[in-house]
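Shared between the two complexes below is chain A, which has chain B as its partner in the first and chain C in the second.
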Partner chain A sequence: MTVDVTPAVREFLLAIADDKHLMGQQHAEWIGVTPFLEEDLAFCSIGQDELGHAALLYELLAGDDDAAIDSLAYDRGADEYRSCHLVELATDDWTVAFARHWLFDTADQHRWTLVSQSTVPELRDVAARVEREERFHRMHADNMLDVLLADATARDRFVTAVAALAPLTQGLFEPVPGEAEAVATGVAAGPFAAEWDAFVETIEARIGAVDWGSAPSQAQRTQRSNDWQALMARMREVIDLDLSATW
Partner chain B sequence: MIDLELAVHTAIASVDDPEYPGVSIVDLGLLERLDVTDSGHVHVGLIPTFSGCPALAMIRDDVQDAVSMVHGVDRVEVEWLRAPVWTVDRIDPETRAVIGREFTVAVRIGTAAPECPRCGAPTTEESMFGPSRCRSVNRCTACAETVEVMRS
Partner chain C sequence: MHTYEIFLKKDGRDEYRHAGALDAATDDLAMVMARESYIRRAEGDRLWLVRRDHVIVADPDLIAPNADKPHRHHDGSAVAARRKALRNEGASS
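Right, the complex of A and B next:
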């Protein structure tokens, strides 16, 4: 079943879906190499949820034909993706990966709050399911933060990782094509940028003041960062082995 | 008509959850809607435990195959519904006992500590995430058994 939205609103929904898709992939790449078993399980489960949420949105946009959903997820040109640079960033540092998980899921809660009041009933349904699962992500991050922030060395490393990600984090809130129309038609209750102050308050209440730096140049998410191509190549690795194969 | 609907329901109930061989997806509360027309057109609406569950396509195919075999069925559509959200309350009470006994899996109802399926003592959480999307890992405070906990 597809949702009846304008091409502009479709772009707006793609931004949410693409962030979730790439975030899910990033988490999945930690399976087997996180510092300890519980985090392996956590990143595996959280990654699966993010991919599941992306799939729910892609399905709303592409219909329930699996090939059409896959095509939307994997076959667009670089400038047609709407991911932010934070979720495209490559890192082999688990502290950075964990900090990103916390920043992303905190921001994600704000974003879905806007969509949970949508005039589109299918989006309200998806928002309800997403929130039930995201609750576990935030609980996981909170529990881990209780442990990390109580230790001076761990706290330093974590705060440094957040500082390194702070500029890219602003890109998560940048207006995207179609957002104004989505807000005007009630698809979203407000622009994502309207949530920035509340987001910053949540983050800084936990770790103190953050220098957020200057936002990345991502041209309303129409430009990909340097890390995107390699990430997409890894995601497409099996598909590209044989483009004629049926999945 | 009623007989056909009953036969279709029985066919759906014959599909096991891949995580729990021998346990029906109907008893786990995944069947939300079933429409059967006189002309044998069947529409099945299922809801997933968690949206990222990798078993969704497999379960859908299993239901499709099982219902297609029913005499009198002409066309089958199986759909994963976006709503309602699945909760552990949907698991049949008898099934809770079975997955406790056969798989050492407890079900978290409300906020109370899940009980150990082996000895009945309370369990405490070891890991919020477990071997599948719908389960965390607990340990029994009395017999030290590792207990997986279904939650929603």
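Right, the complex of A and C next:
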């Protein structure tokens, strides 16, 4: 299932796909090392869902050919990815990883709502599919938050983690240049950044006022953060063992 | 934290079956964890969670005496042996 879109709209869709792809990878890397077994399975299962969502979008752009999908996912140059720095960030702090999951999935809901009535029918279908699963991701984060925020120490740690992620979270809302055309042609109902205030309201209703700081310099998502190279190397670790191998 | 026992039911014909257990701080969190840990590959289409401390557990002494009541096991072997003996008796006469 491929959609015929302009280069600008392709870039708009890539930004969503790349965010999902890297977020899924980051979550999945917690397998075996989250603080307790149940969370281990849940967090990585959520990561797998995110990878699945990325694959749906890559498939829209690359077609049914697995090699073409893989190539789009793994073989682009650094400046051809359109991920935000929030999803590229390396962390070995579980609180930061969990806070990022909450921030990302809360924001993601707004983002997918914008394309749920898209003029591209295939994208509408993907949006509906994604929301069926994202509902449970948010339920996971919110239920865990109920427990964490009730404990003073856990609350402090969580709020500190959100504060550390706040500037990068602004970068999640930074558009690619192609977004304007995506909005103008009805692919998206509006710019993602227009959802910022509603997003902040949701977050601050839960944990109080947040100092969001300054957004990172991402050059409209064309510039990778310092952590991207190592992340991509981990993602490509097996592929790079033998580039001539057929998978 | 509480321990929850997980029961899954596969389809309309099968009964609920014990699938495992997990620890969670709240019922809601237990449900989310069970969803991701036990049915992420659609291993069941119905899910029960039972808090372990709500399970009424029998004392083994309550059950033990019943392990020694051979007269309650009507497998028919004695009757079959008797019938076989009678058949053999008839054949030889």
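Quick note on the criterion: the second predicted complex is superposed on the first by the 247 of 247 C-alpha atoms of A that agree within 3 Å, B and C clash if a C-alpha of one lies under 4 Å from a C-alpha of the other, contacts with A are read in each partner's own complex, and residues count from 1 in each chain.
One rule holds for everything that comes next: a residue touches a chain if its C-beta (ideal position, glycine included) is under 8 Å from a C-beta of that chain, and two chains touch if they have at least 3 such contacts.
For clarity, every value in this text was computed on a predicted model and none was experimentally measured.
Novice: Could you check whether chain B and chain C clash or fit when both are placed on chain A?
Specialist: By the criteria stated at the top, chain C and chain B clash after superposition.
Novice: After lining up the shared chain so the two structures overlap, which partner does A:S45 touch, if you call chain B first and chain C second: first, second, both or neither?
Specialist: both
Novice: Touching A:F36, do we find chain B (first), chain C (second), both, or neither?
Specialist: second
Novice: Which holds for A:R132: it touches chain B only (first), chain C only (second), both, or neither?
Specialist: It touches chain B, and chain C stays clear.
Novice: Once the structures are superposed on A, label A:H140 by its partner contacts, choosing first (chain B), second (chain C), both or neither.
Specialist: both
Novice: Residues of chain A touched by chain B versus by chain C: which partner has the larger set?
Specialist: B
Novice: Give one of first, second, both or neither to describe whether A:A78 is in contact with chain B, with chain C, with both, or with none.
Specialist: Once the two structures are laid over each other on A, A:A78 reaches no partner at all.
Novice: Give one of first, second, both or neither to describe whether A:A233 is in contact with chain B, with chain C, with both, or with none.
Specialist: Once the two structures are laid over each other on A, A:A233 reaches no partner at all.
Novice: Of the residues on chain A, which ones does chain B touch that chain C also touches?
Specialist: Looking at chain A, the two contact sets intersect at 37-38, 41-42, 45-46, 48, 136, 139-140, 143.
Novice: Which of the residues in chain A come into contact with chain C in the complex?
Specialist: Checking each residue of chain A against chain C gives 36-39, 41-42, 45-46, 48, 136, 139-140, 143-144, 146-147.
Novice: Please output the residues of chain B touching chain A within their complex, sorted ascending.
Specialist: 50-54, 57, 79, 82-83, 85, 126-131, 133, 137, 152
Novice: What residues on chain A touch chain B, complex-wise?
Specialist: Result: residues 1, 24, 37-38, 41-42, 44-53, 55-56, 64, 66, 122, 125-126, 128-130, 132-133, 136, 139-140, 143 of chain A touch chain B.
Novice: With touch defined as at the start, can you tell me which chain C residues reach chain A in the complex?
Specialist: Checking each residue of chain C against chain A gives 22-26, 28-29, 32-33, 35-37, 40.
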